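The following block contains the structure, expressed as structure tokens.
As written, the chain order gives the labels A, B, C and D, with residue 1 at the start of each chain.
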Amino acid sequence: MTKIILAGGFGKLGEAIQNGLKADYEIVGILSGHQHNSDIPVWTSLEDIDVSADIWLDVSTPATVYENAQYAIAHNMALVIGATGLSDAQVTHLKASATNGILIVPNFSLSAVLLMQFSKTAAQYFPDVEIVEAHNPKKVDSPSGTAKQTARMIASSRQKAPAQTSVGEARGERVDDVPVHAMRLPGYIAQQTVYFGGIDEQLTLSQSTTSRAAFVPGVIMSLNAVTKLDHLVIGLDQLLN
Amino acid sequence: MTKIILAGGFGKLGEAIQNGLKADYEIVGILSGHQHNSDIPVWTSLEDIDVSADIWLDVSTPATVYENAQYAIAHNMALVIGATGLSDAQVTHLKASATNGILIVPNFSLSAVLLMQFSKTAAQYFPDVEIVEAHNPKKVDSPSGTAKQTARMIASSRQKAPAQTSVGEARGERVDDVPVHAMRLPGYIAQQTVYFGGIDEQLTLSQSTTSRAAFVPGVIMSLNAVTKLDHLVIGLDQLLN
Amino acid sequence: MTKIILAGGFGKLGEAIQNGLKADYEIVGILSGHQHNSDIPVWTSLEDIDVSADIWLDVSTPATVYENAQYAIAHNMALVIGATGLSDAQVTHLKASATNGILIVPNFSLSAVLLMQFSKTAAQYFPDVEIVEAHNPKKVDSPSGTAKQTARMIASSRQKAPAQTSVGEARGERVDDVPVHAMRLPGYIAQQTVYFGGIDEQLTLSQSTTSRAAFVPGVIMSLNAVTKLDHLVIGLDQLLN
Amino acid sequence: MTKIILAGGFGKLGEAIQNGLKADYEIVGILSGHQHNSDIPVWTSLEDIDVSADIWLDVSTPATVYENAQYAIAHNMALVIGATGLSDAQVTHLKASATNGILIVPNFSLSAVLLMQFSKTAAQYFPDVEIVEAHNPKKVDSPSGTAKQTARMIASSRQKAPAQTSVGEARGERVDDVPVHAMRLPGYIAQQTVYFGGIDEQLTLSQSTTSRAAFVPGVIMSLNAVTKLDHLVIGLDQLLN
């Protein structure tokens, strides 16, 4: 069984990962900011770690991810990083240090990654497109990072300018000339829909996730892939066939 | 067969009405700004009209609708008005003059009228709601009149304030504190969706029309109702059971 | 504070009710098939109950609901019944015994109840309609009870026969001549959509619930209403304005 | 300007093509079963054709397409075939005869072709999937050819069996173990939606076309591509990047 050290194992994603991996992987220890009751060894600092593993899986915080990554490299582990917060310079440095595979995954949701890929492809043929995302009112920023990234990917691939369209407050925020609309409603967790319009034709792509359990298949895909890599790769989309 | 005089019979809606009514009503003449080839008598001014009818159906222009309506009342016809542009004072005056039924119908789309009614009811229970409408890029104003009216009806019936939500360009135009989002895309004619969110619960109401033929059932409902009225009524919703 | 006795308080719905009511109601005791650790007194048989309450809220099982209801009536409580399994004869008997309000609620979901009401109204104008429901693969029966009830309400109110349409395995199960389609997919909890089609016009009504917390607002509406009743009423729809 | 001979130019698709190509291509003649008034020369048999062209575009009938194709090859034209009805043997023979490009296009709708491609990709990651298509009641067969082909492409690429799910009339027709549901409603022209479900995750892909004008961009893409080919290719998907 592949051995995993899990950094950030008691956050919401960490807990979902603990549940999701237990059948097929051996989590040999968890690095966490605080001590927790657990069947698995829990360390609160890198110095306490007393075992080795095949893969370091990091879903910790911006404050800790870089130091963790250096530790994992120094101890000859492959590395899957789901935590945010690495600077460009840090990524460059990790890339130069990589001897085993390093996989940085900004978004573990397979449906979100596929949505972005499909949107990028469709934009080649349908330059007219708008995005509507919906999240819970607790999400304070808008539009979502996924919606913005989708807009950028659309903009990067479309080959014609979209039709000139009306302006006004109701017309959304333009992200690289893609109107993006954000709804904030109870009953919604995380959803986005990309609407393409052509001549007498509509193409609509939508995805939603309702808990962090949705990210576990993407984590597993990452763990399976990283041991076959020998360099740094960014994005789950790089693993798609 | 009920006899109809049709004012504005060669606009897009007028043509759809001509097609839609021919089986069940007798259109005895058409008033139009210009002469047209037609099997039905066409008049270009009120003075030319030389027949009578049971109902005057007016889908003409803001410039002509009021004078037309006065003519119809003077000639003892019931009156269905789909044309826009009557001032409040003109409506008040028509109301005072009415001896037969007068029905003013801002929107002949049954699906749109039902959507507004249902949204008004749902808002009593789900104060958190947003509207997304989609039209062709040729539509220059945003949001649509239907979306704005729907927002106002929602606001008039909700009994609790919606949750405070994030602001920003992507968050739409607030119409009576209902966020309204407008998409302008080829392939879309006229569509609107009302999203209600509750605790772990979603209620979504949507309607679209793809041609003015969609308005004919509402026109027929209006013609059937107006002969049973003896006063002025506004809105197809007043005819719903 | 209104005092409640909760029967079936440790099922999934019971737990959601415990959480949802704690701010505004006083749950003075819970009747359950088994003893549970709880801050609230837990009884495992009717004889053990040693307090009184304003309302008996029953979300227990078909095996216990009728005896519970008789107990509540005998002890002068109003009664909200969410448990299934009452026979017609039992309902008739409860109706005859009622001195306080009795509210039997087959479905506490406000969005589901509104969907059914709206569908019933829309069917008067749009006789052509199909239903698609989606649930988790664990749900073994199809179509869902809500979908079937919606179909029956549609059939009861439509005033014209629907267009004759093609047959075949893909065309769904006809429930009172309404085609009903059932999807069974992971990632779906409970969702149904009612598609109405008219001439160049679409009206689409949809609702979903993702946890039993969605039922709490309907429970609260029921508790508020039942104390103002003096007879037996069936269905949350009877409480809508 | 590229010269086109259009076979079947007065069917619905033929008319849409005449309108759609006039700006960018020169249609030098139209082959049709019947004489029509037209600014462009119209021939009613192959022997009457007295001009040459770069591309033969065939949207005629199963009865004529094969003979037409042989004529085009014999006269050194590239060939785009949108007509149905070629047998496997005929395709094989055309393939062997090809000196210029031959492009057989079962579906000119870009949104439909993209939907199928995306569905094939997504099925690798989400084996649990159902299809709902909606067409006008006039369509007598069900499910649609596009839905069936989409199901087959999904089945060909999924790598795990879907979850065992309930059976029953409401559960649709199984096409290669993909449940397919067909709605037949006025107001719908041609629409299909593919629902993928994962753990707490949904991915939904949908497309619709509302007139044959929607097929013109696919026709143009085919005309642009075929002159760069030197052999027989089947499917617009082969031209996607």
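Keep in mind that, in the parts below, a contact is a pair of C-beta atoms (placed from the backbone, for glycine too) under 8 Å apart; a residue touches a chain by one contact, two chains touch by 3 or more.
All figures in this text were calculated on a predicted structure; none of them were measured in a lab.
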| item | value |
| --- | --- |
| Copy pair chain B, chain C: interface residue numbering same or different (half cut) | same |
| Farthest chain relative to chain A (centres taken as mean CA coordinates) | B |
| Same-interface partner of A-B, chosen from the options B-D, A-D or C-D, over half of the pairs matching | C-D |
| Whole-Å gap between the CA centroids of chain A and chain C | 39 |
| Rounded Å distance between chain B and chain C, as computed from the means of their C-alpha atoms | 37 |
| Whole-Å gap separating chain C and chain D, where each centre is the average of the chain's CA atoms | 47 |
| Junction residues of chain D, two or more chains touched | 187, 196, 198-202, 210, 214 |
| In the complex with chain B, residue positions of chain C that touch it | 109-111, 114-115, 117-118, 121-122, 124-126, 196, 198-214, 216-217, 240-241 |
| Touch list for chain A against partner chain B, complex | 128-130, 132, 134, 137, 139-143, 147, 163-174, 179-188, 195-202 |
| Chain C-facing residues of chain A, complex | 187, 210, 214 |
